[in-house]
Amino acid sequence: MAGSELPVSARVVENLNAALHAVLAADESVHLLGEDIADPYGGAFKVTRGLSTAHPSRVRTTPISEGAIVGAGAGLALAGDKAIVEIMFGDFVALAFDQIVNFAAKSVSMYGRRVPMHLVIRCPVGGGRGYGPTHSGSPHKHFVGVPGLSLFETSAFHDNRALLERALSLGHPAILFEDKVLYSRRMFAHDALFLRTTLGTDDPCARLVIDGAGPPDCVILASGGVADRALAAARSMLLTDEIVCEVLVPSRLYPLDLEPLLPVLGAARHICVAEESTAGGTWGAEVAHLLHTALWHSLAGPVRLAHSADSIIPAAPHLEREVLLQDTDIVQAVREATSA
Amino acid sequence: MAGSELPVSARVVENLNAALHAVLAADESVHLLGEDIADPYGGAFKVTRGLSTAHPSRVRTTPISEGAIVGAGAGLALAGDKAIVEIMFGDFVALAFDQIVNFAAKSVSMYGRRVPMHLVIRCPVGGGRGYGPTHSGSPHKHFVGVPGLSLFETSAFHDNRALLERALSLGHPAILFEDKVLYSRRMFAHDALFLRTTLGTDDPCARLVIDGAGPPDCVILASGGVADRALAAARSMLLTDEIVCEVLVPSRLYPLDLEPLLPVLGAARHICVAEESTAGGTWGAEVAHLLHTALWHSLAGPVRLAHSADSIIPAAPHLEREVLLQDTDIVQAVREATSA
Amino acid sequence: MTRTAETATELLGAEVADLELMLLIRHFEWNLLDLFAAGELSGTTHTCLGQEHIPVALRPLLREQDFVFSNHRGHGHYLARFGDPAGLLAEITGRRGAVCEGVGGSQHVLREGYLSTGIQGESLPVAVGLALHLSRTTPGALAVAHIGDGTWGEGAVYEALNLAALWRLPLLVVVENNGIAQSTPAKAHLAGSVAGRAAAFGIDHVLVTATHLGRIRDTLGPPLDAARSGPGPLVVEFMTDRLGPHSKGDDTRPPAEIAAAYDWYTAAADDQFRALDRRQRETVAAITREVMSRPGTLWPDRSCR
Amino acid sequence: MTRTAETATELLGAEVADLELMLLIRHFEWNLLDLFAAGELSGTTHTCLGQEHIPVALRPLLREQDFVFSNHRGHGHYLARFGDPAGLLAEITGRRGAVCEGVGGSQHVLREGYLSTGIQGESLPVAVGLALHLSRTTPGALAVAHIGDGTWGEGAVYEALNLAALWRLPLLVVVENNGIAQSTPAKAHLAGSVAGRAAAFGIDHVLVTATHLGRIRDTLGPPLDAARSGPGPLVVEFMTDRLGPHSKGDDTRPPAEIAAAYDWYTAAADDQFRALDRRQRETVAAITREVMSRPGTLWPDRSCR
């Protein structure tokens, strides 16, 4: 069953699971590799439930070998197949860094002609669940600006079948980040304060504006699980500060196509990029650079970044909250930006 | 012999070698691990010549195991020793990504108290020598913003003994990038058009100003081997366009301490960050973000980034030149910035 | 449940202190599963139910200067080394008095001569570096690294074994082969054998199938001495059973398979054992009450650079 | 120089075409070193001097549908598969007509059923994926990966062998054991043995010490057939000698050690051999003149995303 046919109340994990079912059923060349993904276990986060039963020869549970399974995915892609590789926790993608950056991505162009590589690496990311310092990271930053690699992030506002099909169709490797806190969230549901529309077509960006509030004081860019924190911040600022925000939730993080967003961003005097990444060298810094270059004259101040602290992510929930980006951090960033 | 005692005409490779000799001789707890570093070979770039003869038990040539030798370095550091690990070509540091990011750097703080980790990973980087797509990269960008990790880059204007001692003294891991094209260059020598001074103390930043030219139209930030391209660009712009540039060459890239540079940068209407990294998510984008935030009101336009193309690095020299940042690219970037 | 006439100390070749420790670990782990079920724990935690005898058997064979690398399933390793259930529970629950301020949690614990990490295979190269240090500064001391059967999927393991063998380092790799990695049985994740993998590097391998502490210690004494004095690496493989889930509530093995696993705890039930069992259950309960009443940790020094 | 009465074809168990190919590779490589010395080449290039017989011996044992993964020392592999010295030389020198537009250079070559990469160990997991594809679409076809002895330092090798053995994939690993990695002798980089490392995963291993092509082919025929029909992985280890430097001018081995290496080229000198030798020397010289007169490559499609 396609993700788009699910009732809107399906959870993100169900939508992802349905998307994988659909993609595997629709195309015999698609393979899925990952640790503990086979039934009855169905993956650490149950995203792959039922898939090995439906497609036993193309859905393979693997040993604990992140590097090799990404390499094997690249080998399938090199042979003309399509491969999806699940990394159990996104932090472990570090073990596949060479295969992704030096082989899969480079192969697209280092042989002097375009070599199609249909490869998607799925990475459950993010904290907030008390998994501790090696299981809670947001590794996006490490992969921004790798030639031959695109970055996507799932959200509650993007159907995963479309996202997966898009990523598999590019002909170059992609990483799909999946914020773990989203898995149990309902698709498409959101605070009724906001009206949701879409910008762009190939890589749709969800746009959430406060119904009837007029032009925003600040546009917040936030992907994945951070979108909800941005919405919560926007609600709180509307009520407490009479600051009007709108929230953009892109599905493709890199390269980010600013074009369809420019009508919105160009009209904004303030922009904030919110992300769960720890401080420094973040995706947001890259976006900020694009925005400063494109919108130097319309911006009233520098693009504001809101992110987690420059810190490892502690296990204890009360400490984790202090390190990880909260809606209140977004509120503070926007307040400072708009009042400066 | 200490690097600082060498005649100024020593080559960078000799200065580095002398620095390693000095550091190993001065401190019994320092170890050096790397592939093919032992005599008589002395390393792929001859940086380690004589070291295994002088310190056979602390200088060890290793199997081809980038991940494990960085891990072993981390183990030595954990035990209270100091370790320097040579990665033969910086591109291969991808194989040690997990050990660096998830172990060595995280260990500094993930155990709830400060754990000193004296570990320096040396990475020869950069292209321009026709080594091809897997031996020519500038992997800096992947490591910007890793909690517990600092990034340094050697240059012809920084004595390597001071640099190494600084990096080894921090108590957290550091990567030292070494642009391969510098190895055969003479230390400290430069075009007599420029006057060289130093900003900052702990992490000195070389400053090269055009003698007697008055306040600059643009400040160019450029590290490592790119500094020479920046100087060539500055000379050419002075003569052709009457644009006055000054060049800052930081030794520590991340975190970048803006404080000592602010008097210079704050007086600049235009700033360009030049780096050899391929486009996207670069160190320069991070620096640009710092600068936009700190200097929003004094900057006449957005910080300009000059970098290599969004591309793998081809082997053939004529193609490589088209991809990699040249002095002419810096000229173009600064012209555009100053004329906008 | 089959009960023999032997006492637990006889059956397990154990001193009373050994039994106490094994029971402490058992109740510590059971208690964690209870806390999870009650919603008192977040994240993940891997209990060593069924594998308690491994660190307990090794305990008298290890020395204070040895450095132990533990893994995700490390509570038993910690308790056998430090006998500090309150400090560990505080760590896992983020309460004051935690060994690592609750920052590391279940999988990331550091204490003098002891470190655990949550990424499979990562510890072995680090243990090589530590063994290199020990071989220079503290002859006779071992770096000891616990890994599971599934961890042999990681290439880092082989890079480390190669280095340890080439450099003749005092590295003891303790393989806790419970025949499964998370949900994946060994036959689906491990080709060949652990013995063969050690032999590939010319590293000695000792297989331990017993749970009888005395016999295990007798078997391991000489090879451990050799590893110390050589020095040189050694792989000791324990065949064991994971009685509980991988983490919490995620056991998809057929119930019959789980039931067929050997459990030392049910094998003996003499009066002494019962009394010790009751005592350790109460010890853990009391510690839990006390620890759970403490406030959260503070993490005063968060600096990382 | 010891010369026997045997002819080169007898000594090497070679057809004339085999000899031609071995000599083509030999002169191609010598020529590269000359070009380097003359400053006509940039970067690095690794010649397979002394190892020419390996791809030549394998040539008739491989099929068109097989996929060959070559490594940094891959010119012989390429020439044995495609017999295209001009295309390869153009690649290495960045001249028009290059197989990969001069973008990949010596170490990164892709052509139908053939790929090389410059990072040690990286190709084996990729070959596993390719073998998985072949096992589904082209039963009987092999993924063939050439690696050196030093490359066994990389953990990726073991992760790949484990997968290939578990999944019974048609993967042939050709180990060119020349006893050295760049400057590091095998005894300093490889503990145990390659045979043991294959055995660790239950993978068959065949040792080849001969340079006699006929005998090599006879030895390898049956195990390769078994790997195809099984299917299943196989490790074939060639004991061989690296006659030249690792790259260019970086040979720090004692001259006596280099001189002691076996060289098939000096072992026979019958008239036929001499004539073929002269012809191939000239062939390479002519190709070189022609290729070096071509303009640089263009690289029309640089897009990577």
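When the chains are written out, they are named A, B, C and D in that same order, and each has its own residue count from 1.
Here, a contact is a pair of C-beta atoms (placed from the backbone, for glycine too) under 8 Å apart; a residue touches a chain by one contact, two chains touch by 3 or more.
These numbers were taken from a predicted model, which means no experiment stands behind them.
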Neighbouring chains common to chain A and chain D, by label: B, C
Whole-Å separation of chain centres (CA-atom averages), chain A against chain C: 36
Whole-Å gap between the CA centroids of chain C and chain D: 46
Where chain D touches two or more other chains at once, by residue number: 98, 101-104, 108, 117, 119, 152-156, 159, 162, 166, 188-190, 297, 299, 302, 304-305
Where chain A touches two or more other chains, by residue: 62-63, 65, 67-68, 91-92, 95, 98, 102, 109-110, 112, 133-134, 147-148, 255, 310-312, 314
Chain contact graph, described as a line, ring, star, complete graph or other shape: complete
Residues of chain C that touch chain B when the two form their complex: 67, 98-104, 108-110, 115, 117, 119, 122, 124-134, 136-137, 143, 155-156, 159-160, 162-163, 166-167, 297, 299, 301-305
Complex contacts: residues of chain D adjacent to chain B: 41-44, 93-94, 98, 101-108, 117-121, 150-155, 181-184, 188-190, 250, 252, 296-297, 299, 302, 304-305
Chain B residues touching chain C - in the complex, by the definition given at the top: 31, 57, 60, 62-63, 65, 67-81, 83, 98-99, 102-103, 105, 107-115, 147-150, 170, 172, 255
Of chain D, residues touching chain C in the complex: 152-159, 161-162, 165-166, 188-193, 196-197, 199-203
List of chain A residues in touch with chain B within their complex: 91-92, 94-95, 97-98, 101-102, 106, 109-110, 112, 133-134, 141-148, 254-255, 277-283, 285-286, 288-289, 292-293, 296, 301-303, 305, 310-312, 314
